[in-house]
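Here's the structure we're looking at; comments come further down.
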Amino acid sequence: MTQLRVELPGLSLKNPIMPASGCFGFGREYSEFYDLSKLGAVIMKAATGSERFGNPTPRVAETASGMLNAIGLQNPGVQKIIETEVPFLAQYNTNIIANIAGSSLEEYEYVARSFNDTSFVHALELNISCPNVKEGGIQFGTNPKMAARVTEIVKKASKLPIYVKLSPNVTNIIDMAKAVEKAGADGLSMINTITGMQIHLTERKPIIANKTGGLSGAAIKPVAIRMIYEVSQQVKIPIIGMGGVQSAEDVLEFLLAGASAVAVGTANFQNPFICSDIIDALPSTLEKYDFQSVQEAIGKGILV
Amino acid sequence: MIHKELMTIISTNRIAEDSIEMVLKNPCISEIAIPGQFLHIRIGEKTLRRPISIADCNREQQTITIIFKINGAGTEELAMYRCGDVLDVLAPVGNGFSIDKESPSTILLVGGGIGVPPLYFLGKTLKDKGYTVVSVLGFQHKASVFYEDEFKALGETIIVTNDGSYGEKGFVTDVLDKVPTFDSYYSCGPIVMLKALSTKLAGKEGYLSLEERMGCGVGACFACVIPTKDGNGYKKICKDGPVFHAEEVSL
Amino acid sequence: MTQLRVELPGLSLKNPIMPASGCFGFGREYSEFYDLSKLGAVIMKAATGSERFGNPTPRVAETASGMLNAIGLQNPGVQKIIETEVPFLAQYNTNIIANIAGSSLEEYEYVARSFNDTSFVHALELNISCPNVKEGGIQFGTNPKMAARVTEIVKKASKLPIYVKLSPNVTNIIDMAKAVEKAGADGLSMINTITGMQIHLTERKPIIANKTGGLSGAAIKPVAIRMIYEVSQQVKIPIIGMGGVQSAEDVLEFLLAGASAVAVGTANFQNPFICSDIIDALPSTLEKYDFQSVQEAIGKGILV
Amino acid sequence: MIHKELMTIISTNRIAEDSIEMVLKNPCISEIAIPGQFLHIRIGEKTLRRPISIADCNREQQTITIIFKINGAGTEELAMYRCGDVLDVLAPVGNGFSIDKESPSTILLVGGGIGVPPLYFLGKTLKDKGYTVVSVLGFQHKASVFYEDEFKALGETIIVTNDGSYGEKGFVTDVLDKVPTFDSYYSCGPIVMLKALSTKLAGKEGYLSLEERMGCGVGACFACVIPTKDGNGYKKICKDGPVFHAEEVSL
């Protein structure tokens, strides 16, 4: 019997599979398709200080082997999430990871601290792909100093392990990873979406109302694998890998590249059972490629 | 509850310009589907499923009928599917039209283009329940008209084409004075049409079926939201809709 | 009759379509499929100071709606190219653009100057996605200062218009574009490939011998469109757009985003006639979307 | 010169474990193809074409035969194509085996796995020209053996399986002492096999057909290069090859 279990800071995962933030809401909808207790963990939709209505629609577009989205962090706000969403997920025997976002250091700090009030959340995923309004809107996630700063502050405010979610829209992903590791990150989560655009030929304007959107899906997998492969050799903290995962083979590719767990996002839209299906297929896939356990496969694709 | 089902295509016909009617076999969905709900159809390797309304449903023969217009890469690919091919669908999706009048009354159906299909299943259901059904159906031009006889069989039906190449000329809103008095209206079509209609029929009780680009189709991704009239809320078209009370959402 | 002609610095294009550098060799192979005089221009494979043998094989891998390549600038060297390849292409009634690369400022300067010796080349495409060996191998194309420096030097050395080919692997593409414009670039060419990787599950190592490779093809089109849309509003020089073009509709999308001409790369491998087919389809495609000319469509998708 | 042609599948058979034989109809290519050349086949929406050797060619019936092993996503998709389906191919690609001996002599064919197919077309051609053909064919195990009778019809044939489940046990190089004296050899198979073989047969005149991951398949992208023995040159497998004189390239 192959062993799917993985132990990460704050997360004792029965298997390495979890839905990615924003692609699974707060689990309610997909809980009608299968028992969420089957999942290694659930990463919730981003939480901000107060309720956000997000961007105007259209918010999504389809691209070759991928999609663009500009939802705009729509969410009911951290308090409402703790009151109504977390308890729902807590009914299931799985780990809950809260994805936190903000437009200022203060907002991040507030959201992080708020999650101290619930005992049901096991870890925070720090989404730094957000514009810092006080600093002219440049993203926290594209500047090592700002990324380190927000990581420090969240780390101080929270009693939970922090997984910093890196943006791929940077010249040097290794600098970003090292900066947040140094700032106290317990783990990394990568990659977030790559900024893209699609233009409607008849309307002669971007399809997405926000103009640009984040590219996700199979199209970005090679970029995710490359970044995880590079970063996993430069940091000591574990990586939750994501970006275009559609099958158990894809999961193995992420493990080989150095990820310790794998999140599935866009593929949930194609097949609502995808996480469940991948978990079922994982043991035989590991066996097929001569691995006894998920643990054994981590980083095995790295050429030294 | 939404099911992930396989549906076998038992017939596919081109019923108007770029418009395909497909009859799909499926015992589960044909039994529970209600008017206004849709199928979220996976097409080939496309990343996103395509939402297509249930145009008809036959509980005895266990079939679902869809009518779609070739509108891009996905519907073009779907149009090439043949009898015997199997579709992977999420269904039934959405709330559907609520039919709550106590005393059967007169209902106006207003459809525009690809908004016409769901109204047929609705009209049939209303007629069966004893309602009087009046339909106003708008199309681009003669070649794009479909299901005229089917709607006529349900009750008085006015066809409108933008260029007047068939039926009345203009927009559906131009012929409203020609329809008999009605108690409430149900409409589906382009947002501009729904806006014009709901403004013109302000005060009348109406239900609108909306369209928006969708991601998940099940309520999880927040792609398809629409703000509520009160200004400080929103609804998900895929889950809370696609049908809304005309007063509920701000188009 | 729609008008396909476009006038760019040094390039009077009968139509805006040209094969992208590295995907068309020096034209010999594809000249057996159709008359190269049909093309608006031909961008040659990169030229370096002396002959290069490139990277070990495997050099390519397939990804979802794309491919990875790490050819490694294999070429016979600038002199040989001028002696044997340029004269071949010069037989055709089209524009010749020489893609130049190097590992040092000196090499770039030498290659650029060398092309002054032939009257057949109409413009240079400056490929700055190359590691600068003297500066610890960081790419010229990921640092605005280095990019500006190499642009200045090449501009000084050459009597031809310079189109600087930007790398998408940067945090801020606008800074890069402005820097090279300020340094004297006559135009921009974008985008080059996005660095990616694919891992072979049975061999447990990257498929590409060079480990990482450049991602190209339809998968990257949304990134190319986004960057061209952003950059075209910030610079005054024209843009040759590329990245995943497979059809005349794609060409129109690039024009709407702000490109003045469009290069086709990976699609040549799928269909050797692709450039010819696109040129045939372009007039009816422009008409379908109500444009009288290519010129009229440029930048029309930009929301202001 | 390479043509872009459409070929209609007129038969497709599973002739061994995961191994498909397809017969394709095409007047143009069947007339000009020579042994050792290959087809560069477009499969669905895949970015890259797949190179597959010409296993046989019938000029009268205007057919090309290919034999391929299901080895990944592309060949898996190709295996699902049916009779009547049309393939988009670039052909004939590559130089092919040069058959230049003046006096017909004895030729040894050594094939391994997916390297066996091109040798059949070669062997048939050689036999027609009056050469004596001896074949050594290596397969993984019994289930993967194909075309044994076809090769036997050309001349003495030794089958080798890695696990000995059929014919001789081991590698093709283990049975070379069993073959009669020959004048030159032609081989196609995994690089490791070609290395071992060319070392063992050093001095003998030999031709090797090589494999490499390809981009364009026409010589334009430099994806498929292999260094020449002299150390300061290279060859493109798709254009200068896939067949090379054993002395020409360094494996």
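In order of appearance the chains are A, B, C and D, and numbering begins at 1 in each one.
Just so we're on the same page, contacts are C-beta pairs under 8 Å (C-beta built on N, C-alpha and C of every residue); 3 or more make two chains touch, one makes a residue touch a chain.
Protein names from UniProt, one per chain: A, C = Dihydroorotate dehydrogenase; B, D = Dihydroorotate dehydrogenase B (NAD(+)), electron transfer subunit.
Model, not experiment: these values are computed from the prediction.
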Least step count from chain B to chain C (Dihydroorotate dehydrogenase), where 1 means the two chains touch: 2
Centroid comparison with chain C (Dihydroorotate dehydrogenase) (C-alpha atoms), farthest chain: B
Length of the line joining the C-alpha centres of chain B and chain D, rounded to whole Å: 56
Geometric centre distance via CA averages, chain D-chain A (Dihydroorotate dehydrogenase), whole Å: 47
Separation of mean Cα positions, chain B and chain A (Dihydroorotate dehydrogenase) [Å, integer]: 36
For chain D, residues that touch 2 or more chains besides their own: 45
Chain A (Dihydroorotate dehydrogenase), residues touching no fewer than two other chains: 63, 65-66, 217-218
Topology of the chain contact graph, where touching chains are joined (line, ring, star, complete, other): line
Pairs of chains in contact (touch as defined earlier), listed by label: A-B, A-C, C-D
Contact footprint of chain C (Dihydroorotate dehydrogenase) on chain A (Dihydroorotate dehydrogenase) as seen in their complex: 63-66, 68, 142, 169-172, 194-202, 204-206, 211-212, 215, 217-223, 225-226, 229, 244, 249, 252-253, 256-257, 289, 300-301, 303
Residues of chain B defined as touching chain A (Dihydroorotate dehydrogenase) within the complex: 1-2, 4, 42, 45-49, 74, 90, 212-227, 234, 239
Sites on chain A (Dihydroorotate dehydrogenase) touched by chain B in the complex: 22-25, 28-30, 32-33, 45, 53-54, 57-63, 65-67, 69, 71, 74, 207, 217-218, 266, 268-273
